[in-house]
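Naming follows writing order (A, B and C), and every chain is counted from residue 1.
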């Protein structure tokens, strides 16, 4: 891969990049090249290694092996500021990390200059404003320069971040999932800017897994999966091929039947998550594992939190076992038999400093204690059973959580909520940062125990949904847009189209191939 | 092998230090080693330790309580006021003070939980508030029997002998009541934190508040309760102080606060717990008490004492944060 | 003090006072008879700039100052720096800016106050200072004689215990009055070879009595031969008394101290009590004298550079004999404690009577 689609020699070239965290090899022999005036889309599922790659390019992390050149010169930034100095700017996915919320838009646009000390000690607001206006003129924007960044909408903040990156007139611009929290119209504005930059000869590395972005912008697509480059696609672009290369062939569940529910547990009626989203309804049945999939930021977590008593719908109602259900907090939800393992186990589930047994028993201490005193031996006994059931790899139930691998930590989190019978179990991104083996163990255990309860799993990766679920709901723009049953008749391309938010736009000819991929 | 040495030093290093120190003082001043001496170490730290045990509760939920010193000082004033000016009996006075402590804790908790004011700032505010408020009823005077009130009448009440006994009497002629109270409270809070589900949830909240909330714990109520425990303990400390001194002294209680916090923080290092714990707090308080006791017996000047206290605290914190962390890795 | 002079002055005052009373039909001296500016006292304002304020002593001092100001009919502004030396200096400037006629500086640090006081003097404001040396010839120093305080208490100790005993001494250096009391203690030790100081301790940790009690317990156990404790500050004495009571040594040890308050009176009266004597200057009197000295300056009179308020010895026996329960009764029963003629020219109105 030495030459981009434009035919010009590449401005950023990466060869043989390697990076590991402990045992975990996150990037393996990655080659990548971007040319001036080209939009190279890098596709990859969660945990594929995209963010590590971006961090290395941006100078946040250093590679273990490999070579990078920028504009023909060796490039190995030790700090982010070195990258900027060499002509490479990155707009990170977390927009709020890239802006200082309490400063004005103008001050934010000039942040790099202010921080690098290139401005001299005294910097008049008027001069700042003038320079800020020049910068935003590059993009033809008219942002409210005097407003604090915290007061302007998210989409505008992102433009501020991009503007700021462009203030340094980079040769290479890296955009990390820039549309993940933008509406269609806001995204359209961004696309216009990207095209303009492309016309000026900026090389753009665009990281996303959103199909609409890819269709609109990509000159070339490279897919990353499990730390390896798994495919390169040049025009005419084979989008479905790229999706398959990104996700891999969906894993077939061996020997287990797709189940259908026995009786309704939770039903949502005309629920609206936000004032501007469309209402939706669905029912979850006992004995069935339902996955909700959809891109990041489409409202999956919000839906889960609402069911778990952490927030309220704008309108509509919920029924649990036929009775109206409005939990006032998590405690009430748990009392009613609705359990949830939240997204991002480190913040939402794991108590550092507690051993495995204590982490497992946390929600059910009342059942593990007599007259307020915790029955430690009963607690440990129960923990040993969970460890066996989920094949948690550890020395024993008194191990500290910090000694466990990510997958085993996640098993503890899931095991916590499997320890007691529930009516509905919600798992928000249970496979995040979990290796294949642990993922299989968790999915198996979920399906083994699914008999008497309804199970709801929220995942942004479609193959995860396929692995665990009997039924897949698709969420887009804070509403449910698709309802699929896995097994015979499952229409993957339709699901992908629903996920990508452009129903009906999927090319017809690719359908057969995808169907075969789905098995 | 080296690992075992490090483990042992983390777990028992502090006790070795404690014993070594005791032996050192014994060599320097034989009067140091006697039952009375030991009892005295306990007595000298009783009030500080009670405050420290209370603040341990707030440390466990990941908070902090800067107001304990002024709660104790105010409680002392309240006790004196109730007895000397209103002529109340012992029981009512004690109940009043504890109720006052609970109320101060409730106020702290509400400001922190519902007002979303950071704990240090909220309790700092309460601290100042109480420092000022405690002076209002007597217009800044200390309270003693026969005192002249702001309206130039003379107070008629006096400290009930049974109240004074709280600070002065000895059980079996050996154990001062204040020490008994300290030990009882230490055992109570130790059992509560280590063995009950409520204590367990408090530790969980301190370690990961969001996870505890998602596990169904009523986090707000637990936090408020922790500050109420802290307030109640501080007010009990104030009662004992009033009973020992026998008057309502105008004082800030800031030294009580600092000593109590130091004891609780030193407690982190005991047994390599690396977290707030009641047993460690008690040992921490005793350690400081023994040190000061020994230094005083050896005629060390007063300013050495603060320096030594500070030194111990720094060493204990290093124990906690650098040695234990490294071992955990 | 020149006794004959006092008597003569008192006599003159009686005569003049009587004459005025006659002239004005039994009315006490009214403002018109006083020297300017006190003929129109409503136009006079003075400021009290304090360094220490918490505690009975300072409360009583303030009361005295207020009462005397009221008697004069002048406005008294109280500026309270709460042990913040820099703030206290700022407050002097604040007082200058407020346009007060006179300033009383109550305690503080020489280093921070000297310059501030000089600014006030330069601005034509009269200043007196209590218990802080501001190194200024134009500023009279109000003092309770700490040396006399210590001397009175120690003389009583020698009277009670003879010229040879083992003593423990409570002291924290760096506090001006305690340092002055310390000088006397050193002199006494030199004078009486039989007085042995076997231990010295002390702390100002809050609450002081409680902290001193902890130290005293250790000291008494380490030094069982101690029969006298010299604790020349009442908070110290209270702490020592707690320790002595706890050790059950109330009849074996005698405590001599300085300063007094209602609470101290109660502690001394307890049965038994090791606290047998204290030498004290009535803080309320010092407050009155401070205002009076300033008033004299304002009237163009000279109170002298050192205005010393003499102390009184109060023993446990006196308290029991006269059944004194609080400061008020102490003032009633021991007249030398209740009033002083220091800084009292004839025109000066007497407080509140």
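The rule is short, and it goes like this: a contact is a pair of C-beta atoms (placed from the backbone, for glycine too) under 8 Å apart; a residue touches a chain by one contact, two chains touch by 3 or more.
Each chain and its UniProt protein: A = ATP-binding cassette domain-containing protein; B = ABC transporter permease; C = Substrate-binding domain-containing protein.
Source: prediction; values computed, not measured.
A.B. asks: Just by CA atoms, which chain is the most central one?
C.D. replies: Central chain: B.
A.B. asks: From the C-alpha centres, identify the chain that is farthest from chain B (ABC transporter permease).
C.D. replies: It is A whose centre lies farthest from that of chain B (ABC transporter permease).
A.B. asks: From the C-alpha centre of chain B (ABC transporter permease) to that of chain C, how far is it in Å?
C.D. replies: Those two chain centres are 35 Å apart.
A.B. asks: Just curious, how far off is chain B (ABC transporter permease) from chain A if you go by their C-alpha centres, in Å?
C.D. replies: Those two chain centres are 47 Å apart.
A.B. asks: Need the CA-centroid distance for the pair chain A / chain C, whole Å please.
C.D. replies: That gives a centre separation of 75 Å.
A.B. asks: Across the complex, what residues on chain B (ABC transporter permease) touch chain C?
C.D. replies: Within the complex, chain B (ABC transporter permease) contacts chain C at residues 29, 31-32, 34, 36-37, 40, 43-44, 47, 73, 76, 135, 139-148, 154, 168, 176, 241, 244-247, 249-256, 289, 292-294, 296-297, 299, 302, 305.
A.B. asks: Please name which positions on chain B (ABC transporter permease) make contact with chain A in the complex.
C.D. replies: Residues in contact with chain A: 195-198, 200-201, 203-204, 207-208, 210-218, 274-275, 328.
A.B. asks: Chain B (ABC transporter permease) touches which residues of chain C in the complex?
C.D. replies: Those in contact with chain B (ABC transporter permease) are residues 53-56, 59, 172, 199-211, 213-215, 217-219, 221-222, 238, 242, 245-246, 261-263, 265-267, 325-329.
A.B. asks: For the complex, which residues does chain A have touching chain B (ABC transporter permease)?
C.D. replies: 308, 310, 329-331, 333-335, 340, 342, 347-354, 358, 362-363, 365-366, 368-369, 372-374, 400, 402, 416
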